[in-house]
Structures are given as C-alpha cells and as structure tokens.
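Below are two complexes that have chain A in common, paired first with chain B and then with chain C.
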Partner chain A sequence: MDSRIDFYPTHQHGAYRLRPGRVSPFGTTLVPGGVNFAISSGHATSCTLVLFEKDAPEPLVEIPFPPSFRIGNAWCMIVFDLDCERIEYGYRMEGPWDPGAGHRFDASKILLDPYAKAIGGRTVWGQPPDWNNKFPHRGRLIFDDFDWEDDRPLETPLADLVIYELHTRSFTAHPSAGVKHPGTFAGLIAKIPYFKELGVNCVELMPIFEFDEFENSRPNPVTGETMYNYWGYSTVGFFAPKAGYAATGPFGMEVDELKNLIKELHRNGIEVMLDVVFNHTAEGNERGPTLSFRGIDNQTYYMLTPEGYYYNFSGCGNTLNCNSPVVRNMVLDCLRYWAAEYHIDGFRFDLASILGRAPSGAPLSNPPLLESLAFDPVLAKCKLVAEAWDAGGLYQVGSFPAYGRWAEWNGKYRDDIRRFLKGDDAMVPVMAERIQGSPDLYGWNERGPTASINFITCHDGFTLHDLFAYNDKHNDANGEQNRDGGNDNHSWNCGVEGETDDPQVNALRQRMSKNALAILLMSHGIPMLLMGDELGRTQRGNNNTYSHDNDLNWVDWTLRERNVELFNFTRQMIALRKAHPLLRAGEFFGTNGSPADIIWHGTRAWKADWSDASRALACMLRERQAGQDGNTTPVLYMAINSFWDALSFELPELPKCYHWHLFANTSLPAPDDIHQPGQEIALEEDLQSFLVGGRALVILIGRPRP
Partner chain B sequence: MTFSTSVEMKGREAWITLEGELDAAVAGEFRQAIEEIAPQKPEKLVLFTSKLQFMASAGLRVLVFAKQQMGREVSIYVVGASGPVLNTLLLSGFDQSVYLQESYP
Partner chain C sequence: MSIEVEAFPRDGTTVVAVAGEIDGSSAPSLHDKILPLLQADCAVVLDLAGVSYMSSAGLRMLLLLYRKATANHGRVALAGLAESIRDTMEITGFLKFFTVASSVEEALATLKEG
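The block that comes next holds the complex of A and B.
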C-alpha cells in the first residue's frame, strides 16, 4: 500500500515526511503510511500542526503548514510514519487580535481540533488536572475498526418508544450499584438486565461528548466538597466521547467501550439517544479559556454583538453560531459521524431554539440548520428531539420548526400534569389535550402525537419523589444561597416539607407518584422517565444538582428493594403500554387517519365536567369496530380523581359481551394496586360505577371474558 | 518485560503464543505474525495469552486486524487471558468476536 503514488511523501520537515493533504474530511484521517490533518479557519493567516508524545508537557514537533498546503480556508497535510497510538495533536493559528471585530487569535495557545475524535487530558474522572498544562485538552487519533458485526441503529417506531433519561456516571457511581466499573459505560452494560426488567426501550444519555468536569470547579461553601461541571452541559469536543466515562479511558479505549455499550444495548432491543449540546461551548465568554474555537475562528464560531462581545442565549457565557454555514456543516458532520460510526438512534438537542437563531441572534422562520438536519440522508432514520426553548426567552413548544421530522420535549405537558395532580383550578380541559398527545400544540402542520415527548420530570428540576415532598426548592448545597434553579415547580409536599415518618403522608406521596406515572404511560405521545423515578430517588429537594458528584445525583440501588412497590407499578404500566397499540397511536384519535376514538367522561358517563372547579376526568380509548364483526380489541378506561375525597365514576356502557377488569387502582396498596396485563381482576357483571379514592387513579380494561 | 511471539501451524490451525507486554511499540511484531500465517489459510487461529501481562489498544487493533484478515469463517480462540488482558477484551466487547477459553484444546 505504501507504494501508491498518491500517498508518497513530497515534502520534509526535519525528520518528518509530508505531503499535501486532502481537504475533506476535516479532522484526522488515517491514510496509508500516515495521517491526514485537515482544519479550516476563515480568518487565520497561518496554521501550525503541533504534535506531542502522549501526556508530554512539551511538543514533540511543530510543523507549519507550507503555503501550498492551504486550499481556500482549509489547511491540509499528510504526515507520514507517526505512531498513531502515542501521538497527541493540536494547532497554532496566527491571525488578528481585534476583539471589536470579533477576532481573538493568539498564537501562544495550542488549540484543540474541533473535529478531534478522541481527546486526552481528562481520561480519569475527577483526577485533578495540571493547571499549568499549556495544552489541557489534546486531540488523539483513533481507528475506525470496531467490530460491529451486524449491528445498526434499531429504527424502532417513534410511537413505540419508552425513553429513560440517565446520567452515565450517576447511574452506577453509588457503591450500592454493585458493578465492577462504577460510573462508566461499562457500568451501564451491567445494568442492561435492569432496563429489560423495567421495560424501557430507549436510553437517553445526558451529555457524553468530551467535557471538562473541572470547568468552574470550586469547593462547596457548605460542605467543602469539590463542585464540578458534573452534568456535562458544556462541550469541549463534539466528536469525542467523554473519556472519563470509560473504564478504559486511561488506555485510550473510550471509543471502543462506548461502541460496545451501544452494541450491547441494541442487542437487547434498546435504542440510544444522545443529549447533545450545540448551543454553546466550554470556552465561556471573553474571560473564559481559549481552548479551540475562540483561537481558530472566533468570529465564525460564536454569535457576537456588534462590539465583539458574546451573545449569551445559552446562559453559559457564549452562543455557538449554528446558522453560520461553517458551523452548520460542523454540526451536520458531527451528527452524521455519531449516527454512522456509533450507530446512535436519535439526538435530543439541548436548548434547541438557539439552533434556529440567525448569527445576529434573531429567530429565523426557516432555519437552515434545522432544515438540513431534518432532510439529511444519513440522519433520515434518527430521532430528532428539540428542547424547544432557550435561555434568551425564545419558547417554541408547539411551534418549533419541525419539517415533519422534529419532536419536542413538551414542557407544557410537564407543567399541566403537575398542576392537575396537585389540584389546581381549571385544569381538566387542558388535561384532555395532554392525554391525547397535545393536539392543541401539534394538531397542525402535519404533526401528530409523536411530536410530543411527554415527561413530568427530567434532569432539570425535582425528581418525581421530590415533586410530592417539597413545595419549594432547597438548593443551599449549590452554594448560591438558593438563588439558582427554577421557582415554577408546580410541586406539592403533601402536607410536610421534606422527609417524614408520617405514614399517611408517605402513602399519599406514593399514590401521587403512581398517579403521575400512570398518566404518563397512558398518554399519547412518547413517554420519558427520569432515571430512578421508578425507585423513588430523591435529591433532597434540590432542583438543580448540576454540580454534585455525590448521592444527590447518584442512584441509590438499595431503593430497588425498599421501593419495590413503585418499581413494580412502573414496570406494569410500561407493560400495559406495550400490550395495547391503542396507547401508542401515531395519529391523533378522531382524525381520518385513526381507526380509534378517545371519549371523555367525568363522574357521569359520557359527560365530562370541563368547569374550572372540576377535579375529575375519565377517558375511554377504543377502536371504532371494537365489539363488532369479531373485533375483540380491548377498551381502555382511565378515571383520574385529583379531588381530596373519593368520587364515584359512572362507567360507560361497553360493547356487548365485554366486561370490566381492574388493571390499576392507586388508592390500594401493593399487591392490589396493579396487575399484570392480561391478568386483570374481573369486576362484577353489572357494575355501573366505580369509587375512585381521593387523589387516586383507576385503570380498567373492557374485554370479552374467556 | 520484552514482548515475543512464536508461531506454529498445527494441521489447519495456526497457534501463536504471546508473551510479555503487547503495546504500540511491539504491536507490529504481532501483526507481522498474523500476516505470515494468513496465506496458509488456517481454519482456526489460536492465541495463547497466559503469559501476556498487558495488552494496550494497539494489541486489540491487531486482533481486529486478524479477524478481518482471516475472514469471518476463521474462528479465533484466545486462550488463558487473565487480569488486564482479559479486562481489555471484555470492556471493548471483543470477547464477543472470539472464543475465550481457559485452556486449549
């Protein structure tokens, strides 16, 4: 292979043999006998490749790109005979220092390649870095030779997903996790049987692109513990996995370990969705470090004010200039890379509304980036999910530019379910919208219920347990005098703020959690659970645990035994959803495309009470042909009572030969609270009504008796 | 500890014994051994690793190369792997692409 003329050295720098490189793809590519380095900058005047031996403090060599190696704004060079396993690389860029014009070139800095596929420097989680390191985040070379066998993205229909949001480290870092490699990708593999038992079929990983846990790290003023950039919503490198999340990170094998995790999840029928953060980078504002983009082409990569300062639509100091054509291409290259090389099934975009802003910051009606992602052939089967708001005040739930492809985190679902459950006025009509997939938000523009990612809790805010244990946030441990975190939690402590031994309060909290889970899994749209909610995980009232590497975030696996009732309830609700296609509709009920209807009831059958004072709502889901011409499709009925006292719900008449069976009743303790789908309890033949306890929920199945 | 390989054909089986520390600096020797026996079209590739103390990702890469070079129809056996070597195979998922055995035959 070395004899190929197109891979023959033509230039020399010291002992290093060189050749003009290929402009595409950007980043590094292994070629016969060498490595192709390609990078672009719209305003740099020169570029130098800086090579290090792994972990060495000083460069091994600096190789300026000869003038003839630049094509347009791209520098490209093949360097031969490199030891790919031992090399780290970066760049120096020369150019103007003119902040007012947006330029912040500084040739004294060694810069990380934005396309680096592996990054050294933080390969062991929490290991304090050498703060004097002149090149803290270093590009590394990787081989694309993972043995995928026949794996590929699963392409599970969106309507069939049950998403489980988790933080890679938090899921197995607790000593009770009982895994060999806590807090790692390998640790997650050990928990695959748990995912299977619970029944979820998609894990959404909070950020796993390389980030710096030491960004803004500081001692906790209360406990003295180190506070980290723990969640990782601050990207250092978009193409590299977080090395500190891999047990093999110190050996440079994080790519293999992550790919192995994905392959194993796929083998078990579980998709992988990544939470991706393209709204800002780890470089902060003008006072932040120069790691990569700022020194490569500040004016291109960031949204800048006319004076050259950083727009801060992310709330994190800077805003990536996503609708600049250069950045747009990088985002597209990045997602294609993760879809093709890591077999990722979908992406959830953090603060995605920023992706729809023009370089000036103004919202665009037809954002090129969102359109490109929607119609990209490589991403064609990937799920695209937007967090449809940003920190600059743009809120697009229901109006995110979707192009028939994008789904949204439905923040209104979260807020409305919470408000209904705690008993707010005037929530019954809006509950009907949320349960049927939010047609008020997505019933236009050819969108359907699968545009709605339904959730009641996520990493931002209270856990499910805390939602019903705290009226107010308790964020003192964050060291910001409880100023951080949202105040609009719509939570209710059930009578006592925080933990209590009162059995009645604890029983009510358990019931409220079950109510929430049942509504979530009975609703049209895509349900998303937050890790540990099925176990009653608490953050002790903290609704913004972004910085804590401790049991505020870690899943305590002893809860698996202590809260077996809640776990089992969740598991059976997921099983019910899987058993009944009626719950996984791709079209809104009542529309021409749907063969089924949803019928609303109240305490009176066929007559829902839509008044402001109403706290009761029931719904029945049925195929239009149910009970006719041999169609024996079950009918599903859910009665929700958010009033404090019990209410009698008159039951609607069933098709002939159908009878009611009790699947779930949250006012009853285990084991009577829920039953395995198909083994529901038969109710009396002539049952006319059902008494639903105060702040409780009942699910009945109507079907023929055997 | 220095790295060494020894290769012998046992009928239609290629036996390679690996000793020492298999890192990037010596992975080429291992790869060369694979390349030498590939033309003999072995039906099985048996790697004896009980005296292999360490395997860096470079070593793993050669295993991947071996699998691709030999083709899918050739079974690869890794015999006697333990400690860090076994760990590397397990965490990278390569244990699923080969037969891991304590002894052979």
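The block that comes next holds the complex of A and C.
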C-alpha cells in the first residue's frame, strides 16, 4: 500500500518527476516508484545527474540537482518511473580548475559514481571499446534482492584456513578447463569439486572489482598480441563486480552470478577472500583519464604534493588518500557492503601500508582507517590481511598496525623458506622461526601465529615450478627488455635453466616442489597456495605476468593428469593438516596456555645444529600430555635435509607405547612419497634413526599401535 | 515490448502459455495477468516456450510469482525454457528455486506426483 507521503513526486524536470532524496546511503537505492541518487563532493559548486539509455552514445536527459536537493556537501534526488534495467547514469560536477590547489573540475566530463554497484562499458571481456565514448564506465542500477536463503559468511577459524589464491579468468580460460563458461564466475562454480578434492577451504580471488582490461593496453612488441591490464590491480569502481568476469555480464546479471558463486562455495565449506586494491585508482596521474574521483573531488580522493601533483606510493601513478575522513568512510562503506551484501569472508589489502599513510604521505603510528576497519562491527568476523608494504619503500612485515585483528602476507616467510630450500648458509635458525609461525615477527602486541599468512609463491613472482626451474626471470614477453619484475627471487634451477628432458633434473625439481609444499603445510600460521602450483603450472620463467591473457597465466588442466603425483602429494599434505590440530595452532607453542611444544632436533635428537654451515633441521610437535593418562594424541616429526647428500637423522624418543609411522618421504617416487593420513606405514619397532635423502624431507607420525 | 498470455485448463491443472520478451517494461503487466491464476492450492504450468528473452527483472518477477503461489500452497512448474534463459538461471542461482520440466507433459506429470 502506498501509505507514505514521500512516495510522491514534488518536482518536475521535463518529463521526469522528482523529489528530494535521502543523503544516505551514497550511490543508488531503489525506493518505491523510483531511484534515490546520492553523491557528495567537498569542493564542487553544482551537480547534474546524467541519464543514458543503456549503451547509447548521447545522454537521455541531464537533470541538475535543484538547490534545495543539496544538504551540506551531498546532493540527493529521487527520480521516479525509471526502468532500472535500461538506465545508465553518471554525474557532471562544476567547480574550480586549479591544479596547484588540487582541484581539477571539468564539467565537460561525465563522471562515474564512486558508489556505483554495477558498471557497464566492459561487460564482455576483451571486447575492444569505442575509444570515443564520452562516458566509458557507466553506473548501472541493480536489484539488491538476491535470495541468500540461510547463507552467511562461514567464520572458519583463521587457524584452520588453507587459502588458495586464484585469478578468476585464468583459472578456467584455458580450453582444457572443460567448463561451459570459460574465464568466468560461473566457470569457478564448475571447479568447486576440484577445490574440494584438493582440500582448500578458502579461495582468495585476485581483483574482481570493476577494472578496465584496456587500461594502458598495447600490442606486444614481440608477439603482436594485445597486452592488457590483465590481473586487474587498478580499480575503476570499488562497489561493482568485474562485469567481464560474469558469463551473464552482457545481461547485467554479474551481481547475481557472483553472489551465486559465493553461495555455492559457502555451501561447500569454502570461504571467499577478496584481494582489494585501495591504494590507487585507474585514473593514473595528471596525464590519465578523468573517469570519476578526479572530477568529483580530486583534492579529497588523492594524496597530492604541495604543488598539486600526484604522490605515487603505489607505483601506478596516483595514491588514494585513504586517511582523509571522506575516503576512509568510502573504504569502510565499501567493505561493509561486500561483507553484508556479498557475504565475503575476508579481505586481502594490496599494498596495505599505503592505508597507514597520512594525506601528506607520512606513515602514521595510529592510522584511523586501519583502526576503523579493525573495530568495525559489520567486519568483526571478517579476515583482514595486509600486504604489509608499499611501492614507496614502507615495509611493515611484523610491524603493521594490527589492533589484534590484522594478519599479514609474510614476505619474510617466502624469502626465508626459498633460501633455505636452495641451500643458502645460515638459514637454520630463521627456519625455526618461520616453521613455528614467526614468533620473531608476531610474538608481541597480542599477535600470534595466525597473524602470519605463510606463502612461498603468489601471483607476484615465480610459480612453484618455475622457482626450481629458473635462476633468473625471463620477462621478455612483457615487452620491457626484461627490466620489469623482481630480481630477488631466491630461486634455483636445479642445474639447467628452463625446461629440460633430463630425468634427474626433473626428479629433483619435483622433489623441491614437494619439500616446499610440505614445509608450507607443516608450518604454523595460515598456508596460502598459488593457483596451479599443485599441478606444476609454469609461466616459462616469467615472474611478472600481469598483462598476458594467454597460457602464461591460464591454468592448463591437462597438467592434472601429467602431474598427478604432485597433485596427490599436495592433497595429502592438506589432509594431514586437517587431521592434526597440532598443525593449526592459534598460539605459539611453548608459551603460557599452549598445550603443546615444538621441539627442535638436528641429525642428532634434541640437538639442532644452528651453525651457519648447517642445512638440516628437524622438529617435533607434541602435546605435553601425549602418552599419559589415556592421551593418545599423535606426535608429528619432520626432518628437512637441504644438504645435497643423504643424512641420517637420529629420532627422538617417543612416549611409551608410541611407534613411528612414515607419512611422507620426498626422496621416494609415488606412490611411496606420501600416504593417506591415518594409513601411514608402520616402521620397525625401536627405530633409532632415519636416513633422509639429499634435498629431501621426511614426515613421521608417532602414535600407539592398535 | 508486447507480451501475450494465454491460460487454459488441462488435466486438472492450468497451463499458462507466455509469448514475447520479459523485461523491466513487460514484467509488471505479466505479473498482474498471471497472479490471479495462482489461487490457493492451484497447480499451474508456466509454459515459456514462446519466451525468447528474459531479463533480470523478468527472472525476479517469475520468482516473485512462484513464491506467492507456494505461500498459498500452490504448485508451479516451468516448462519450455529456452536454453539461453535456462543457462542464465542456472548460473545466477535462480533455477534451483523452481520446479523445472523440459516439456508441458513432463511438467504435468511432475505436478501430479507432487
């Protein structure tokens, strides 16, 4: 029943009936009979709503906000009788053009609403745009009525997560993926059985906010192929999913498709973490396009030098001014929206150290944005993960302002495990820190091992296969004469640079990959795997494949058969982690309150060799009460030999009635390399030592025999 | 966009045949035409073989009708969905809310079983 007086128009503009809107929430909201449009600018002098028929080159109508529709710095208006599916909208803002003072208003531009919930213009991936389009990225209206039934974020304890980082398009774009809608959210639904078989319980999606794959697109000087903004680390709109990632994007149903993916993942016990890029936008520096923020309120949204130029802490031209109160609110609104409306379980913040910088660029000791996020009630159960560095030289691994809430991508874990595995000197003591969750980094300030997202590979850098197949990056395909991409890869090619037919080299590479995966899944902290590493995915030595829409990035699913041994090894390692709570510690072992110890050994039991020349380390995880008073909790033992020759590891004594069982031995080929948890091979009674092959790793389980 | 609705009884149920494109402009009138047919304890087959396009608003209208019918202890089955529409419904999660049959005959059989 139309029982409210505000259901009726009060104003008219041509054929369009209007009334003053609500300032909150910003963006668009469907209200009875119409649409509420709300936007703010701290420095604009006037604002006009520009409506288009979908995909039309010229506006349908331009409706200036009547003066009485402005409250403070916010303009709000209800427009009645719009067909939500056929309308696209933007704004024109008038204001000063005074770059020295930070203002770059230009009323000739039609601007995207920073709060647009859906964005047209790039709804079909890779479809070349009309470069003359005066409004390339257009706000669209959505129905906020997805039926979640009883779904909600899973709230899996952080300590239990096994994260799998993936790129939505890359995961199923390869013809071998065998899905009906390659490279889409729908394609990911088809791969849910694969996630379950592997055992991961959280997928971390590389950016899925609307971006422009044609931003800075160009022909590859080597191959002539188009190079894209492929990974998507450059946001056009923070509230809209990437329409080109949806099979239904051309029908404007990307919101439903993504929500359905999340609902289906949740139904299968898999959380969804989003990689979010709040450090910069797609507008670049003063030479970039004016799409949205620059024309709405440049001085507010961007960190500017005293002369009005753009600070570039992101390495991408501009820096979002995250600790301006207005931008802080936008970021908070955005994350709340994704948590509440999309049931997102967690966020990983790209170059998160930027979020701790003041508008002047100086690092803050108590950054308001990070604090707000940590204590927000809607985000209270969301995982918050920082990439704790930026391109401006701030490196905060271990010191990111955490408020007891933030976890970090542990870049030191990645570097130290790599260096130990390839046999560097003096790595044993630091390995002990990394395996037990990096107490040297997180043993203070109310943090614990779950502050450490452990990873050995991620989208940046080599894949796991390439880590042991290349000493150096091979980025020629990126068209920058191999100058781009990091040089500190800590990789080792096992004797031959690149692919080889040498069976010994390939066996060693496979063993090194298994060693890495085993250490990752045995370590305290949260393990994160990179898409395809369990299949031996290669980027042919390219450590910076941000621009390639081809098999440098796509997962080749024929690897599933060819590298079944590595897949199976990974699967069983994940299963072991799930089977043993000892591996999923929420606190550092040996500290007050922890019920268990981690005990270090070397080739001699109870005596780890911490010297610079040592390349052997063993550890035992054991509940203190194991073997007593009916406690039969298994004991876990891992011996890692990074020396090139075999070493005999003296085994520590087990509790009475316990015996050793072999779970994994990476010096053996399949099927003897690993066993199903619970079905380990019983070793001889009174076993005193175990010979661990060169560059190999052994995991034993001590438990009572039936 | 014109949309046509024809309803006729068959085997103790009502078959509602819809033809045309269902989008934001045609959905409200379609809703108003079909709703009176969804009486308490009704059994209705929505034959959509003549529907060539269904937008997001169309799918929502369909689900709304379905919910209103089931709240009224009615039973509704969809028949004759075009492959592309069925595909969109599957990807976006709409499909599993409905009883779906490949033909009117199959839909009738399904409703009888229920």
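Everything that follows uses one rule, which is that the second predicted complex is superposed on the first by the 703 of 706 C-alpha atoms of A that agree within 3 Å, B and C clash if a C-alpha of one lies under 4 Å from a C-alpha of the other, contacts with A are read in each partner's own complex, and residues count from 1 in each chain.
By definition in this document, a residue touches a chain if its C-beta (ideal position, glycine included) is under 8 Å from a C-beta of that chain, and two chains touch if they have at least 3 such contacts.
Since this is a predicted model, take the numbers as computed values, not measurements.
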*Simultaneous placement of chain C and chain B on chain A, clash or fit*: clash
*Please indicate which partner A:251 is in contact with in the superposed arrangement: first for chain B, second for chain C, both, or neither.*
both
_Quick one: is A:459 in contact with chain B, with chain C, with both, or with neither? Answer first, second, both or neither._
neither
_Touch test for A:263: chain B only (first), chain C only (second), both, or neither?_
both
*Is A:343 in contact with chain B, with chain C, with both, or with neither (first, second, both, neither)?*
neither
*Applying the touch criterion given at the start, work out whether A:86 contacts chain B, chain C, both or neither, answering first, second, both or neither.*
both
*Between chain B (first) and chain C (second), which, if any, makes contact with A:167: first, second, both or neither?*
neither
*So which positions on chain A get touched by both chain B and chain C?*
83-86, 143, 145-147, 181, 186, 247-248, 251-253, 256-257, 259-260, 263-264
_Contact set on chain B toward chain A in their complex_ = 23-25, 27, 56-58, 60-61, 64-65, 67-68, 88, 90-94, 96-97
*asked:* Quick check on the complex: what are the chain A residues that touch chain B?
replied: 83-86, 143, 145-147, 149, 181, 186, 246-248, 251-253, 256-257, 259-260, 263-264
*Would you tell me which residues of chain A are touching chain C in their complex?*
83-86, 143, 145-147, 180-181, 185-186, 189, 247-248, 251-253, 256-257, 259-260, 263-264
*asked:* Which residues of chain C touch chain A once you look at their complex with the stated criterion?
replied: 23-25, 55-57, 60, 63, 87-88, 91-94, 97
